[in-house]
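So the structure is just underneath, and the comments pick up after that.
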Amino acid sequence: MNRVLISVIGGHKADKKARDLARQTGRIIARLGAILVCGGLGGVMEYAAQGAKEAGGLTVGILPGEKKKDANKYIDIPIPTGLGYTRNTLVAGCADIVVALPGKEGTLSEIAFALTAKKPVIGLHSWKIPGMVCVESIVELKRKLKN
Amino acid sequence: MNRVLISVIGGHKADKKARDLARQTGRIIARLGAILVCGGLGGVMEYAAQGAKEAGGLTVGILPGEKKKDANKYIDIPIPTGLGYTRNTLVAGCADIVVALPGKEGTLSEIAFALTAKKPVIGLHSWKIPGMVCVESIVELKRKLKN
Amino acid sequence: MNRVLISVIGGHKADKKARDLARQTGRIIARLGAILVCGGLGGVMEYAAQGAKEAGGLTVGILPGEKKKDANKYIDIPIPTGLGYTRNTLVAGCADIVVALPGKEGTLSEIAFALTAKKPVIGLHSWKIPGMVCVESIVELKRKLKN
Amino acid sequence: MNRVLISVIGGHKADKKARDLARQTGRIIARLGAILVCGGLGGVMEYAAQGAKEAGGLTVGILPGEKKKDANKYIDIPIPTGLGYTRNTLVAGCADIVVALPGKEGTLSEIAFALTAKKPVIGLHSWKIPGMVCVESIVELKRKLKN
């Protein structure tokens, strides 16, 4: 009841570094007792969910398509929406806090939506947009999320 | 992983009978090991979520507004959407099975959407629309959900 | 400025009778000076738009897909949404008045949404849901729309 | 039939310079024979619509709320959506071309969505995001839109 939701956003294509950041971010979120929300697909979304599961957390994937099976295997609760890219607004809008990792325009759209909705957005190796809090390391991210 | 999602739909105003049906439906869903999805507000949504929690289940509330706190107190995972009534399509569309209890036009819109999306819809004291499976008692509902 | 919007809803598969009703409905709407809104695809949507164009009207098609070219050839203003079936809520919700012609579950979902949004819904050979005004002929529909 | 749709995006609060840019942009769009789409409210949206009407164009306003009357007075076709900020994805996604004028996070979300959807985005005194074409004057914007 009343659990904190933290969305992790980032590209569906992710290099080694982004994958590591995502997995560590997922673990931090789970250890804080928060629920991890993401877009449910591959790349940053998958590695973040994997990290959360490794730390015993709960994961929600808000999917663009209509099929539950599109979700990556670390998603506990897949929410197929059939909304296409518009589901980005839900990923950004449903969370208490948004963590932005490396990504392209899709990630930028989620950052912008989160800022429009007055959500706290923490960026780590991601876009730098006025209104975000930008950190440079996982350690710093952890500290920010704890507060 | 790969858990079944069952949506319970019905009015936000519910009389004694509808509340009882909702609560019992929530319990059945939780005992089947499925996740209960609903619109997250009062009436049938609240009693269904209460039943699921009493039986140790997990509950998701897909909310019309932008605020997590709009959710009733039995919702584990509130998903505020800011989509207004349009969120009905998500409640109907994200589930593997939809259970329709007493309700008005909002409930009808969810039934119709679920049928459009080719989801199985089981009605209990609700609208009777071609394509739905209509049952007359909780016992019968339980039997249908087990199959 | 401040022009009336009338949505025509009905199946994408339409028999001869439904096509005639749709075309005549489109003509009536255009002659009243109202803008015709529909789902932009085939069947009832296309014949209604054709009727409106024959009478010199303006037509809007709110499309489920992301491509403008999905619109039928009588649509002046195609609005691709990428929302899938969820776009039904927009077709129903943006209008001042909704006219329901023969159709299946998709049409029912639009009727239910329109009623949820407290819109006047006039049915002609369509679903009969409490809260709708049901008429039996084009002449009667015309009379209702004039008021 | 098959008319070009051009969306103009920008802040609902606009200073003198932004208002002038918006109005001139609206005129250019109308003179090209394209339909102007915007978010239907005040600021850049209103001045762009005003410009389009002054040049004899047609204007569509995709509104966040449920009421047609929220539209500014230069909107011919108001589309109330009830989707809140999520309507931004429709403003960005339904157009053939997007013109970005000065604005804040809401404008950025529309730019990002348009880029995600592979739409051409021309910016004039707006955000500068990789993938956009950025121009520095109305003359240059006009030239780009003509091609």
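Order of writing sets the labels: A, B, C and D. Residues in every chain begin at 1.
In this text, a residue touches a chain if its C-beta (ideal position, glycine included) is under 8 Å from a C-beta of that chain, and two chains touch if they have at least 3 such contacts.
Given the structure is predicted, the values throughout are model-derived calculations rather than measurements.
Visitor: State the pair with the higher C-beta contact count; candidates are A-D and A-C.
Guide: Between A-D and A-C, the larger count of C-beta pairs in contact belongs to A-D.
Visitor: Which whole number of Å gives the spacing of the CA centres of chain A and chain C?
Guide: 40
Visitor: Between chain A and chain D, tell me the centre distance in angstrom, where each centre is the average of that chain's C-alpha atoms.
Guide: 30
Visitor: For chain C, jot down the residues that touch at least 2 other chains.
Guide: 66, 82, 85-86, 89-90, 93, 117
Visitor: Which label fits the chain touch graph of this model best, line, ring, star, complete or other?
Guide: Contact map by chain: complete.
Visitor: Quick one: which bits of chain C touch chain D in the complex? Just the residue numbers, please.
Guide: 1, 3, 5, 35, 58, 60, 62, 66, 68, 73-82, 89-90, 93-94, 96, 117
Visitor: Which part of chain C faces chain B closely enough to touch in the complex?
Guide: Interface residues on the chain C side: 85-86, 88-90, 93, 104-106, 108-109, 111-113, 115-117, 129, 131.
Visitor: Where on chain B is chain D touching in the complex?
Guide: The contact residues of chain B facing chain D are 66, 81-86.
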